[in-house]
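Take a look at these structures.
Two complexes are shown next, each including chain A; its partner changes from chain B in the first to chain C in the second.
And then the complex of A and B:
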């Protein structure tokens, strides 16, 4: 543990008082700390290691290595430490049921991404170009995102179920009930609802960075708003668009909560199959193999996105 | 004028004339879409008839009383806090170290550190959740509590780092030079100059890490065994097996936590930083 980090904690607890505390105990500590700082000043490598090392080590050991462990286990039969086998992958890739699920998951992810990108971009554009209260609007857009995912799905169960809120409203205005819960439409609505705030942010960031003079220039040269949008605004903000697409597609592809709660038995997605392996079938290696299949799709998409200019680091604003 | 221009001309004119009105319609429409479901939850938490009735017959605080008398739900809140509070402390410490190292030092593996601190956002939660249960429970045999706290730390580090790193980067390092010129050593300078300046960003990062940890479901669901559920896991079981009107009240609890934390974080830093996720 290093001194600067320890002082972070102390500062966070004590309210960041800039005045030094001057009782006897802390003077002794300060003395030792000064010795240590002097010691580290002479050894810049050790100093860097003492600050970057602990978070580095924790991320490698508790994040990267588990992912590698998953790769290893996916080649074992039946349980962790079982005989080496390709069987999990063979079983998965030769099963029509599972391949249907993967294809359905892919289609739903594409549809969700398209809907969210269109609506999210329209919203970000409207906020950036036509609104003066951008901070307030942005806050209103992101706040729902910070509440529980499950609670947000639960809200839609209430709205979409037969005789739920939506049906009651339709009844009031004399329309027939629709009972959308456990349909694909419900799944699309649920995903759109949770990812919309997420996608608006990179769109917003890239639109804010766009030089407004370019739009004026395009209009001065006789282009209408649609032409200007297609030939100036959209190409100039394409990095933000790609980042938004990646941020929506990947979590949709791996999701199990939304299809489980809103989709019923006709809309099984790949994430639900993994959940099953760990929560009821207890075939961990097979679950690990499916996890690897999802990872391959994710990596392929990231490579594609990086090729077309989306920022891998741009999990948000860094899209200029 | 090309053929295409002639076809699109009416649309161009329409957009030109109504642009501002269309923008307002989009903003109002999307905000309604985002907030009406939340409004429905709050409204239904006061509904006498319970989950299924809308509009409700009568408004009541009955379900709030039921919630406050329900030990299982309250225990779940306590369980969540015993995980989220230490996880937040660890995350803030680590994220500050990452921000400090990335901002100050050039070292081999610096971009790898940044990548590693970002990747947990990108890798699907279910994949990391599976990987963690295999490694923590299967290989290492860690106790449930330790596994869950570590999982929460991994989950929250990227978000805390995204908020804390920019505050370090925008901090004027001339102040530190001045402090050192006046005879303070690195540690004194950090405590008396650097920390007070980056403090709002660090606290904002902590508030968001806490919010995220309080809501955390997927990692917890995979990593945690059958022991005491956290509040999100408790809610999940309720929704899947026996929905009671109490769930509406718990929704309001989640909502209150999120709104309080995010508003506090926003007041400490720029909304654009919170907006990254």
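And then the complex of A and C:
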């Protein structure tokens, strides 16, 4: 029985009766698989490429090439294929209106990131340290992701609008209506709600890995709760914190749906301006130029923040 | 006045009584170990002294001040953790200086005291390294230095040596004793390892099932164990089942199988009465082994010895001594620790020990009665 499978696909043609045929068939398959394995074994670079290739291919095709296309278009006048020019950049960087929008976007992003980081850290901390129902609580945190972003924003419109859910509740308990829709507060609430899970997950991951003995050791050595947090808990989880901050800050900076639906016309953010250039003004080169500038600004800010954060906490407790 | 006074200490986790009405004292400058098997509640006692657990009931006084209810960072004790809990994001020197920094010691003095402590634990020049670059033994020293540098009234140890190999552990035991004397600090050490406890401690607190079994010096515990459990736990012991047949002023008559032996009255720990079922315990090093003669295998009340014949079943060399496992005809398996290594497996031998060397423990109800004689 083992004989055919030893020989290289020679068994396939040998048999008249059914049994050897099936044996021969499987032997042929075995033979091919081991040929491929042997082929790859001798070519380690090809093997690596066969694993790493597809994801890199996707990245190049859907990310690097479009980015490059955007860069090229941003140097063209008026429309795709227009004359080469620096005008788009000059227009954008010399316009007070646009720079005000960028500044506002930056401020809102910083505020959102700070709120989400604080709330998210407290949430992750309580899930890890004060509860046994960790899985259930994490599931509840992720649950909103199962509903469409747009639908959730419309839900917030319902809650925040004048005489909406929030105002009705306030009326019931005898408080004046606030009518938060189309205010900056509404934008902050919406962002906080949407990005919270993104921050909680990395915070949670880093906090689970934190050895509880280190916290006890710190308290044993005379550090109260706040000092223990600042000199042990936070530095030990700083990588998760930076990850969470990055995950919140970037999408907030480029966001256009939330500010449009909840912020109205008083809270224009740069993402809305870019979207407008592409979808209404049909000035793709100008939109591309703004996009490039914003990308550079965000990447620079993040590099700064990571460097700063790493230096502040990574070097250890002697700094405080 | 004791440095540490523990009275009626009790800790319940739900229905489980982890620590049950524990009393003990630690005097200034002592090295006391709490010894017990895993699950005996010894670590819980330590954690209550440190302030990580709140007692359900009882008092803990440090320097005559009640500390129950005050948080760990307000207690004048420092702990060496089982897995050491060195801060991985700080250097060795920063780890050691952590406590000083929390209590507001200026940087100059901090550096000086950290430096002195590194010398004390023989890690000069290691200050700028990360704890991860150090060996297990070196990390132990850092953890010890981190606790000692604050000059606490009491240093607590939660089995920190258990992860080390035997040789290093023995070395660290010596180091602990040296450092304890040099710094004149009081140590309270928790362990399940009787070897460590016997080696380092001035006094031992033996804990089982949340209750104190015995408190005393190493010699007291070894020579006059208060219970069968302590006898078993501190060193090895052979136990032979017997029954009390006579009690008078100076002696107790025991029926051990098919013979009767008279032992001194003070061999019995606690009260015994006629008809009580008892365990007669003897240390392996007190058992004599001889080649089997013709008629030596009779327990003889007159000459005050226990004797039996048996077959050698196992033998292990332990340096100068050999430990024999002997299957006796009368009392099942016994172990004997003797100098001579002249017996082979399957040899027939006679074993004997003096009545003066035994301890007699009354069997409580039938709880332990199903244990067999040998141990």
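Here is the rule we go by: the second predicted complex is superposed on the first by the 247 of 320 C-alpha atoms of A that agree within 3 Å, B and C clash if a C-alpha of one lies under 4 Å from a C-alpha of the other, contacts with A are read in each partner's own complex, and residues count from 1 in each chain.
Just so it is clear, a contact is a pair of C-beta atoms (placed from the backbone, for glycine too) under 8 Å apart; a residue touches a chain by one contact, two chains touch by 3 or more.
Just so it is clear, the model here is predicted, and its values are computed rather than measured.
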{"item": "Touching partner for A:263 - first (chain B), second (chain C), both, neither", "value": "neither"}
{"item": "Dominant toucher of chain A (residue count), chain B or chain C", "value": "B"}
{"item": "Touching partner for A:48 - first (chain B), second (chain C), both, neither", "value": "first"}
{"item": "Touching partner for A:34 - first (chain B), second (chain C), both, neither", "value": "first"}
{"item": "Contacts of A:227 with chain B and chain C, given as first, second, both or neither", "value": "both"}
{"item": "Which of chain B and chain C A:213 touches, first, second, both or neither", "value": "second"}
{"item": "Partner chain in contact with A:236 - chain B first, chain C second, else both or neither", "value": "second"}
{"item": "Partner chain in contact with A:244 - chain B first, chain C second, else both or neither", "value": "neither"}
{"item": "Overlap of the chain B and chain C footprints on chain A, listed as residue numbers", "value": "224, 227, 313, 316-317"}
{"item": "Touching residues (chain side chain A, partner chain C) in the complex", "value": "211, 213-214, 216-224, 227, 231-232, 235-236, 313-314, 316-318"}
{"item": "Residues of chain C touching chain A in the complex", "value": "50-52, 71-73, 77-79, 81, 83, 85-91, 94, 98-99, 101-103, 146, 150"}
{"item": "Partner chain B, residues of chain A touching it in the complex", "value": "2-5, 7-9, 11-12, 16, 18, 20, 30, 33-34, 36-38, 40-41, 44-45, 47-48, 51-52, 54-56, 58-60, 62-67, 69-70, 73, 80, 119, 122-123, 125-127, 129-131, 135, 137-159, 161, 163-165, 168, 193, 196-198, 201, 204-205, 224-227, 246, 250-251, 253-257, 260-261, 271, 274-275, 278, 284, 287-288, 291, 294-295, 298, 302, 312-313, 315-317"}
{"item": "Chain A contact footprint on chain B (complex, rising order)", "value": "5, 8-9, 11-13, 15-16, 19-20, 22-24, 26-27, 30-31, 33-35, 37-38, 40-41, 44, 51-52, 54-55, 89, 92-98, 100-102, 105, 107, 109-110, 113-128, 130-136, 138-139, 150, 153-154, 157-158, 162, 185-188, 190-192, 195-196, 199, 202-203, 206, 208, 211-212, 215, 217-218, 222, 232, 235-236, 239-240, 247, 250-251, 254-255, 258-259, 261-262, 266, 271-272, 274-277"}
